[in-house]
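Okay, here's the structure, questions in a sec.
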Amino acid sequence: MARTILTVDGLTKRFGGLTAVDAAHLTVPEGQITGVIGPNGAGKSTLFDCITGITAPDAGSVRLGETELVGRAPHAIAHAGVGRTFQTPRIFEGMTVRENMAFAAVAQTGESVVGALARPGAVAAEEAETDARVDELLAFLTLDPLATAYAGELSGGQRKLLELGRVLMLDPTVLLLDEPLAGVNPTLGATIVDRLEALRTDGRTIVLIEHDLELVMRLCDTVVVLHHGATLAAGPPSVIRADPQVIDAYLGRMET
Amino acid sequence: MVDLSGLAQALTFGLIEASVIALGAVGLTLSYGVTRFINFAYGEFLAWGAFTVVFLVAIAPALPLPLAVAVAVVAVGFMGVAVSGAFFEPIADRGGLPLLITSIGVAFVLRYLLVAIASTDARSLPVPLQRPVEWMGVGLTPVQAVVIGVAALAMLAIHGVLQYTTLGTVMRATSGNRELATVAGIDTEAVVRRTWVISAGAAALAGVLYTVLYAPVRPTFGFGYLIIIFAATLLGGIGRPYGAMLGAVLIGVTISVGSAYLSPAYDQAYAFIVLVVVLLVRPEGIRRGTF
Amino acid sequence: MGLLAGCTGGDGGEGSADPLTVGVLVPFSGDYAWVGANVLPVVQMVAEEVNAAGGIGGRQLRVVQGDTEALPDASLSATQQLISVEEVAGIIGPTSLTYSAVADLFVENGVPTVTPTAGTTTLDTQGGEYVYRTVPSDSIGGRAIAAAAREERINGIGSFGSMALMVGQREVYQSFKEPIGSSFTEFGGTVVSELDFRTGKASYESEVQALTDAAPEITALVASIEDSVKIMEAAYQAGYEGSWFLTQDQTNVDFLSQSEAVVTDGALGIQEAPYEAAQADGRAAAFDEAIQAYAGWEETRLFATNAYDAANLLFLAMHKGQVDDGAVDRASTAANVRAVAAPDGTVVTDFDSGAAAISEGTAVDYRGLVGPIDFNEFGDIAAPFSIRRADGDSWVEAGRVRPADL
Amino acid sequence: MAIVTGWVAFVVTVATIACIYGLLTIGLNLQFGFTGLLNFGHVAFFAAGAYTAAIVSMPPPGTVPGARYMIGLAVPMPAGLLLTLAAATLMGGVLAALIGVSAIRLESHYLAIATFALAGIFYDVLVNERWLTNGTFGMTQVPKPLRATLGADAWALAYLLFAAATLAVVYLLVGRLLEAPFGRVLRGVRESTAAAEMLGKDTDRIKLVAFSLGGAIAGLAGGVYAHYIGSVVTGQFVAGVTFTVWAALLLGGVASHRGAVVGAFILVAFQQSTRFITTAYDAAVAAFPDTLGVVLTALAAPLPGHPAFLPSVRFMIIGLLFILVIRFRPAGVLGDPQEVTVMGSEE
């Protein structure tokens, strides 16, 4: 059984009267792809927001390995190793693809005023290193021909790939992908799925929100079903597919 | 003589100023509702309203003051529509930031157009000077009472429009989300225009009441008073007319009490401090509810 | 043909010698635009009279505006424009607002400068070589106010024992505060409270509240017309019973027209006394009539007489330079300003008579509308003051304060 | 020294003022152009720098007649110039940091109002706290380094060179910063603070650093201004200065480092050239009294005659500049349209 890398325990978030996430729990095994499914409004995105610190949960804990993440700023959580993409990609449209990628490079000397002015040598070295890594990732994601294009000119699918590449620059321990295939044309979709599988074989841990149930069942090692903000069920696709509660609440509609 | 010292009197002065601030704040918040940007040119409508009346009274002394004020309110109301049509609507789809920066330009144009016409001399209105009358323990001149009355009436009218007319319901719908309203079949162009008439008209009336209370005034007083109106609008919660009214009372009282008990040299600063604290603590304003 | 060909510093009509340029360096925009509006027409009128009489050494006078906008950086470039681009032979101005930012340029370029408006006490000890003024220093004006407040003989109301100083927070007003306060105490009165207030406020209830608490017999109110109307009306409403003493800025018909008699009646004001000699020989009345016609005013505005004297002094000084050394240059003009006003010369009261006398080689003593114009070492003048009392919509003279009395 | 006379002297003065506005525009561009922070209180940092330079270099109160200020450290010139400029820069940065720490998290519209209001409060402090700023009398004996030894003309030229050199140094240093990852991080924060945060960048700290750096450069501009004019008075630090710098930035090009400086020079040149409208008008009438003169006077006749008319036309033109640049050329003269997404797409 793979080691649990990320544990979400009793996570609750209320917006006024609405309980978006209701004591949800989630255990993410290392090196696997975990799918999070549920009808619209089941609290999937809010769950991601709470994990990554964008919204502070009302109760519950999120532990990455041993470190507790609740209460820490999003950038600290990112540094701790949690990478995340957004439902609608938030890429820097006014910067080139290459600049978008280089932006995410971690802890650069050139990011501080003193560093950038006083230590040009170190900055140049790090830039070269960053460029190499960017080229490698762009090639991996088939975006290298677009390296110098402005991100604003990219198509929907290309933006998804760019956002994935950007978060990979952080070399995160856990990768949270919010509907990586939504609005993507099939050919580019296949590339993205192929890249996800490659990341898994590379030992990367992925949690993804996806509506394409057939894909989820085929791709994910474990599936977690959210319903009205609560964890309805969790387990391998085969078990989830047969679970009466899930069928009734969710999959039932898919059968008819 | 009326005991003019004391908290009650300071509160009275605060309420008197609050009636002017409230009219301005309600007008600003209404136009924010449909345009979604903070209009730095709004103060100039106060100045244009005041100076239109000064101009009308000068060329037609026989014209009764209330009639001149009505003409000014309507004229500046339509001026608001013209300004919005010329400068703001064409770039309405470009987001709040370009609109906000454009409003700085519009403020310069309107202010110095008025200075070009009226020069920078201070002017006042033919309002009788009266001694305060004791009324429930505080001093209030009949003119000040009229000002509060007119402001209250105007806000009652705006309340009536919002609550009991189709225009009101449509305005409230559009102020939530303009695209949604268009999809729902509302002629948002017409709503935006009508909102501008009410918003700029309210500003003109506020400008006239300001001039009645605080004459003589210069044509550049609008921009200086803008921050006080911003404070009231944001205190009440941007986009909420009833919030704006409440905010205005609080700001008026803060300035007056602050000047009386702390130092009168920092009167603007008290409104600023309240504004900045509100922005930091509750940007969505103090009043519950959405409208 | 370019519409604005030869647009700057053009050499004027064909044939006649270069024009002689004079700069008027005062605010023409912003809150103090009224200063430019009061000073410019007077200088233009005098220049036209000089030009009509053949100019100076055959050269026509050209008056150029330098807008200081009452801002230091704008006044610096305006001064530079006048001195280096327009190459002015002399300057009328600047005001107290921007004097310290540009004083250096006058001295360094040796530009003769006669200011008709800068009463600021900072100029009390700096002028005299290039900078002169045809307006008495606020220190003398303040002292005159204090003396008048103490002497029933002068103010016609009573000898005031207690005074409050209510002064706007601007240099042009604060410059009066110390002179009034210390002189009033020196003359045996007591200053019961000093209230500095922020100028340009919407209303002044709190400041008036502090005033009524202090309950002075008289309040010296040093402020703009706009703020004074607000304060005096608020005081009237708050039941203030004491008297008021206003300064030159407010002692005019325009101020009285902006408020009601019940508020302003009995208020004391101060103006430079029309020089008895100027009144006696009708020059003051003639000037009033001429300038009101020329500029379309209904009354002679503040600083008009000072500007008249400043312009005449400067043009006479240039004329003397033309007669003595056949040319007009800045250094000689600066020295000549003092020379043409020296007390030992024969008395002249306008450009024509002065120029004629100078041409014949006689030393002249210019006496203006403001006073005898006898410069002390710092280029300051002492002038008699007329103490006025508001009565309805006009000012009535209550008494006179001679420089000797101070 | 007759080298600096006539038009040259005027141009030298205008160029020095342009260098000072260039520094202010670089500072604002760092805050808004590159980081998206809508700062409507820039004049407060300019004032903080100017007053600090004055306080550090002015003679002690005892020696100045009628002085109301309490502190005058009389740092000797010219050696002390670097010290006073460093102090001015520091104070501009500290004031920006104080305002930033409280207001930086605000959404841009609210930040605009907060900075506008805080600059208003700071102006009231300058006017009222006489013990520090000598109130409305202002600090009028700020020493001009080497002024005595050089004489006016040479000093004016020397100070222009000094101001230009300061501008050049700041331009190069900030340029290098913007080329380095530091610039890239700022632009990312401008485009989407949430995304930048998710990529591990402490966006609050970055905004604060950018805001303080912009304030520090404005403080330096205040120091250079103080030693140039020699007198620091409250009348100079009004909201109009903030919006003049904004006009320069919009004209030059938002988020364009070169554009900011070019915009400042264009705008100052425009402002100072309108000074000649009256003289040009008079000269034209004098030069062609008959035909043209009649036309011009007829043209001008209907316009109100009061002297505030022409200056108000100048401010209306600046207002139109704001409107037209945003609507038709949001990237400004030298800006790169693709870079300026924050202004929305063009017409």
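Here are some notes:
Letters A, B, C and D mark the chains as written, and numbering starts fresh at 1 in each.
Criterion: contacts are C-beta pairs under 8 Å (C-beta built on N, C-alpha and C of every residue); 3 or more make two chains touch, one makes a residue touch a chain.
As the structure is a computational prediction, the values presented were derived from the model and not from experiment.
Shared contact partners of chain B and chain D, listed by label: C. Simply put, of C-D and B-C, more C-beta pairs touch at C-D. Our note on geometry: chain C versus chain D, Cα centroid distance of 33 Å, whole angstroms.
Between chain B and chain C the centroid-to-centroid distance comes to 40 Å (mean Cα coordinates, whole Å).
Computed centre separation for the pair chain A/chain D is 45 angstrom, with centres defined by C-alpha atoms.
Once the centre of each chain is set as its mean CA position, chain A and chain B turn out to be 48 Å apart. Residue positions of chain C touching 2 or more other chains, listed in rising order: 29-30, 33, 169, 198. With touch defined as above, residues shared between interfaces to two or more other chains in chain D number as follows: 124, 127-128, 306, 308, 312, 342.
Shown here, the protein chains touch in an arrangement that is not a line, ring, star or fully connected set. This structure has the following touching chain pairs: A-D, B-C, B-D, C-D. By the touch criterion stated above, chain C contacts chain D in their complex at residues 3-10, 12-13, 28-30, 33, 36-37, 40, 62, 64-67, 69-73, 76-78, 80-81, 83-87, 97, 100-101, 104-105, 108-109, 121-122, 125, 169-171, 174, 178, 198.
Across the interface of their complex, chain C is touched by residues 4-10, 12-14, 17, 65-66, 124, 127-128, 135-138, 140, 144, 147, 151-152, 225, 229-231, 233, 235-236, 272, 275-276, 278-280, 282-284, 286-287, 289, 292, 306-308, 310-312 of chain D.
Chain C meets chain B in the complex at residues 29-31, 33-34, 169, 196-198, 200-207, 209-210, 212-213, 225-226, 229-230, 233, 236-239, 258-260, 262-263.
Chain contact summary for the complex, chain A toward chain D: residues 52, 54, 73-75, 78-79, 83-84, 86, 90-95, 99-100, 102-106, 108, 110-113, 115-117, 120, 123, 126-127, 150, 152, 166-167, 169-170. Chain D makes touch with chain B in their complex at residues 38, 102-103, 106-110, 112-114, 116-118, 120-121, 124, 127-128, 239, 243, 246, 250, 303-304, 306, 308-309, 312-313, 315-316, 318-323, 326-327, 330, 342-345, 347.
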